[in-house]
Amino acid sequence: MENLENLYREVILEHYKNPRNKGLLPDPSYVTVHIKNPSCGDDITIQTKIKDNQIVDCRHEGKGCSICCSSASVLTETMIGKSTDKAKIIADNYLKMVANKIYDEKIDLEEAEVYIGVRQFPARVKCASIAWQAFMQALAKK
Amino acid sequence: MENLENLYREVILEHYKNPRNKGLLPDPSYVTVHIKNPSCGDDITIQTKIKDNQIVDCRHEGKGCSICCSSASVLTETMIGKSTDKAKIIADNYLKMVANKIYDEKIDLEEAEVYIGVRQFPARVKCASIAWQAFMQALAKK
Amino acid sequence: MEQNIWRADFPQITEKDMIYLDSAASSLKPNSVIMAVTHYDHDLSANIHRGVYKEAYEATFLYEETREKVARFINAIPEEIVFTRGATAALNLVALSYGLKNIHPGDEIIVSELEHHSSLLPWQNVALKTGAKLVYVPLDSEGRITIANFESVLSDHTKVVALTYISNVLGYITPIAEIITLAHAKKAITVIDAAQAIEHMPVDVKTLKCDFLAFSGHKMLGPTGIGILYGKQEYLEIMEPIEVGGDMNDNVNKYDAEWKDSPYKFEAGTMPIASAIGLGTAIDYWQEHNIMAMEDHVRRLRKYTYTQIKKIPGITIYNPTSETGLIAFNIDGVHAHDASSYFAEHNVCLRAGHHCAQLVMKWLNIEACLRASLFFYNTFADCDRFIDATKNAVKFFHKMGF
Amino acid sequence: MEQNIWRADFPQITEKDMIYLDSAASSLKPNSVIMAVTHYDHDLSANIHRGVYKEAYEATFLYEETREKVARFINAIPEEIVFTRGATAALNLVALSYGLKNIHPGDEIIVSELEHHSSLLPWQNVALKTGAKLVYVPLDSEGRITIANFESVLSDHTKVVALTYISNVLGYITPIAEIITLAHAKKAITVIDAAQAIEHMPVDVKTLKCDFLAFSGHKMLGPTGIGILYGKQEYLEIMEPIEVGGDMNDNVNKYDAEWKDSPYKFEAGTMPIASAIGLGTAIDYWQEHNIMAMEDHVRRLRKYTYTQIKKIPGITIYNPTSETGLIAFNIDGVHAHDASSYFAEHNVCLRAGHHCAQLVMKWLNIEACLRASLFFYNTFADCDRFIDATKNAVKFFHKMGF
C-alpha cells in the first residue's frame, strides 16, 4: 500500500484532474511531437515554443492513465520560462529518476520530484516518461 | 552390426544392383503413381497394369537409397501374376511388417520378407514403404 | 479446503502467491508440458525430417505425432493440420494465401467489431488490397453476434466470413455452427478464430463444417511460439505457400521449384520443434481430463465472482451475461492502467488495456478496461482474493482522490 | 585427457554416448539456455507488452532485453532487430515486403547455387512474381563465390544481392564484405544469409554495411522457433508488415489501421516468448566465451579429421579446402542414406541428403551426400570415433556387396 500511496501523490492527482496548459494551438511556431506508448495505448502530444533559447510556452494534449496525463501537465509547468539548456538537464534527470537509474539529486526537479514513486513500478515507468520524451524530442528538433 | 547386416540382406543388394522390371512404359493402360519421400529425397514411380483383377505387369523407376530402390524392384516381382485381392493383402501386410505393427505372419510375403530388418531402423521405414504405398494407391485408383 | 484436482499440475501458482486471472492472454503450463519442452531441448536438440540418427528420428516422431494429436483433438486428419507461429500467423496465412488470390473487387468479407486484431486486420488488409468490401455484423445491445444480425449482412456477394468463436473481451460464444451453415448456403468460406474457444469447449471441425480454424498453443496450456491452422484439404491443396525455403519443397531448380503436399508446403525452414512437441503434451492433458467438468467449474467461478463484483458500488461490468470465464470491467473514474497497478501490488494478475480489440472498446465507448479471466485451475479462494482486492481498490482510489 | 572447457555445458553429449556431428543442422543447447526457457515456462508463463503485474513485466523485460543483446552482439541498434520464427521467416520477410514492392521487370537479383533453399526460394519467388531476372554468380572450380565472378554478373540492373555468408554444405566463407561494397556501388541492396556464419565468426553489421542479415536461434545454441532479421533502420521504416494482427498496431479503425514503428510492426500476435528469452541466454554464452578460440578449436578438429578421412580409400570429399568445420563426403557406391544408418548405429550423428541445397548437389553432380559438422564442443576423441566409423563403414558396405 505504501508504494501505491507513494505513486498516486496528491500533486499527481491534482494535475490529472486539473491539467495545466492543456490543448494544442494551430501555431506553426510551436514544435509538435506526438508519442504513443505501444504497450498500453497512452497517447500524448507535446507542443513547445522556443525563442532565444528560452521555453516561452509548452502545451499538451492526449489520453492515458493518471501518471501519463498528469506528468504531461507537470512537464509544461516545469518547463515554461526555463532556458533550453536548463530544460534539457531537468528532463534528462527526471527520465533517469523514474527509470530508477543514477541521476543528479542536486538538480531541482520542482513538482516533478513526486514521480519518484514510479521507480517502484517498473511497468509504469513508460507512463511517466512519454510526455517528457516527447519534450526531449522537441528540443532536439529545434 | 547384427541389425545392419539384417538390414542390408543379400536379396536387397541383389535387387539394388540388378533391378527387375525397371523403366516406365508410355502405355496408358498402366496406372502410374509417383511418390516422393519428403524427408530424404527418394523419388519413386510405380506403373501397374491390371486386367481382369489380375496384375499382369508392374514396373518402377526412380532414385533413392538401396532400401528404397530395391523394395520397388522386389515389389514388382512379387506382384506380377497376383490377383488384385491377393496383392492388396500382401502389400498391406508388408507395410505393417516394416512399420513394426502387428501383421499376419501366415501370409507369404515371398522375397519381400527380407525387409523385416527395417523394423529396427524406424528412420528407414519410409524408404522401404514408398514403392509399396504407390502400388496400393494404384490399386485404389483402379 | 475446496478441492481443485487440476491445480497441483501448475507450478506457477502452487509455488508462489499469485492469483492468476490472465489466462485469456496466456494460460499457465502444466508440469508435463514444461517437461516435454525440456525433454526436447535437453535430450534431443536435433533437427527434424532429415536425420537418420536416434535423436533426430525421435524429434521428428514427436513433431508429427503432435500433428496427429491435434487432428484427433478437433476431429480432422493430419493432412489438414498446419503448424504456424501462432493463431495470428495462421489467420494471416489464410488471408494472404487464400484471400488475396480468391477475393475480387465487389466481393464482401464479413467480420465483426468483436474481432481480435489478429482476426480483423488480415481481412481488412485483403479488403484494402483487393477492393473487396469489409462488412460488419451489427452487434446486438449486449455486444453479441446474433444469427439474425448475421443474416442481415449475408448476401450473394459474401465470399468470406471471418469471425471469432469466443470474444476475448466479452467472452460471448458466437452461434458459429448456424452461421457456418448460412455462409455455406451462399458459397462463402468460413474462417473461425478459435483462439479463445479451443480451451473452453470441445471443438469438432467436422460437425462445425468450418473451412478454416485457427488457434494458439500458449492459450491452451502449450508453449509460446506454436499455433495451428486447420484447413479443409480441398482448400489447403489449392493454396500457395507464402513463405518458401528449406524443407517445404520437392524439386528445386535454378528458376523454379515444386512444393511438397499440404501441410508440409506451409512449413518453411526449421519449425518451432520444441514448442510443437510441448503442444502435443498439452493436448494429452486435455484428453486425460474432462473439458466439460473444467468448464463447469469455470462457470461456477464466474457466476460467484460476477455476483459479488456486481454488488460493489463504483464498478462497471461490460459483459454481465457472458457464458465463459471473463469479467470485463472498470473502476469508475479510474483508468484501467492505474487500477491494474493496484491489483498487481496485491498479486492479482489481470489485464488492462484494449486487449487487441480496439473496435470492442470503441463499441463500448471506453478507452480501456480491466479483464479478469477465470480458468479451470482457479479456485473460489482466488475469486475471493480478487473480490476483496476490487473492493479495496475502489476504496483506495476514492481515498487518493480519483 | 584432452580438455574442452565448453563441453560440460551441453547435457546432450555429456549425459550419453553420442558423437554429435550435426551442429550445422541444429546446435546443441547449453544448460543455461535450457534453464532460461524453463524459467519462462515454469515461473512466468505470462504474455508480454501489456501486463502490469510482475510476471508479465519480467517476461516483457527479458524479451526486450534479448533484442538489446542481439543488437549489441552484431553491433546494431535494438530498433533494427526483428524477431521472427527463424532465418527462413526472416529472409521471406525481406523478399515479401521489400522485394515484391521495390523490384520491377528487368531488375536483376543476384543469388548463387550455394544458397540454402531458404535464401534462394524467396528471391526465386520475387523474380517469378515481378518479372525480374534471377542471376547466378558462377561458382569457381572448387564451388566458391569469388569477387571476380561476382563482378562478372554485377550490373547496373542489379537491385538485390542475396547471398549466403557461409555455405551450409561446403562450409566456404563468402568474401561478403567486398561483395557488399561492390553491390552498394551499384545501389543494390544486400541480403546476407548468416545462418551458418553467426556461430562461427564475429558478425558486425556496421563493418559489413549489409542492408539485411538473417539468422536462426537454434543454430547458435538457442531454442527452436526464434530467428532474427537485422535490417537497416531506413529500410525497415519504409517496409510494410506482411503479417498483421495483435500488438503490432497503433490505432485500429473499422476500415483502416496504423502500425507501430519498426521493429514492432513486424511482430504480429504473441511471439515465441520463451524461445526469444532462451536466445538471449545463448547470446550471453557467446559473450562469456571467446568465439575466436572456439573457432580455432573447430579448425584444428577439421584439419585433423579431414587429413584422416582423406586417407581412407573409397571416400570422396567434396570440400577439401573448406575453412569451417564441415566435411561433405560420400562413401563411393553407397547412397548417403544407407551410409547414415551405419553411422547412426554407431551413435555418430551426421546428416545425409541434399541439405536443403539441391543446387549445390546438382553442381556437384550427386544426388545426396553426408555432412559431418564439427563445433566447439566436439573433441578429438569425437573425431576419432567418426574416423573409425568411416573406415569401418567402408569395409562394411564393401562386405555387404555395395
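By written order: A, B, C and D. Residues from 1 in each chain.
Heads up, the rule we're going with is that contacts are C-beta pairs under 8 Å (C-beta built on N, C-alpha and C of every residue); 3 or more make two chains touch, one makes a residue touch a chain.
Quick caveat, the model's predicted, so the values are computed rather than measured.
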Return the chains common to the contact lists of subunit A and subunit C.
-> D
Where subunit B and subunit D are represented by their mean Cα positions, the distance between them in whole Å | 38
Determine the centre-to-centre distance between subunit C and subunit D, using the mean Cα coordinates as centres, and give it in whole Å.
-> 31
Whole-Å separation of chain centres (CA-atom averages), subunit A against subunit D | 44
So which stretches of subunit B touch two or more other chains?
-> 40, 121, 123-124
Two or more other chains in contact with one residue: find those residues in subunit C.
-> 50-53, 56, 337, 341, 344, 352-353
Can you name every pair of chains that touch?
-> A-C, A-D, B-C, B-D, C-D
Quick one: which bits of subunit D touch subunit B in the complex? Just the residue numbers, please.
-> 334-338, 341-342, 344-345, 352-354, 367-368, 396-397, 400-402
Tell me, which parts of subunit A touch subunit D in their complex?
-> 36, 38-40, 121-124
Taking the complex as given, what residues does subunit C use to touch subunit D?
-> 11-12, 15, 18, 22, 25-29, 33-34, 37-38, 40-47, 50-56, 85-89, 91-92, 96, 113, 116-122, 124-125, 127-128, 134, 136, 216, 218, 223-226, 242-247, 249, 251-257, 268-275, 337, 340-341, 343-344, 347-353, 355-356, 358-359
Which positions of subunit D touch subunit A when the two form their complex?
-> 49-53, 56-57, 60-61, 250, 260-261, 264
Hey, which residues of subunit A end up touching subunit C in the complex?
-> 1, 3-5, 7-8, 10, 13-14, 17, 40-42, 63-68, 121, 123-124, 127
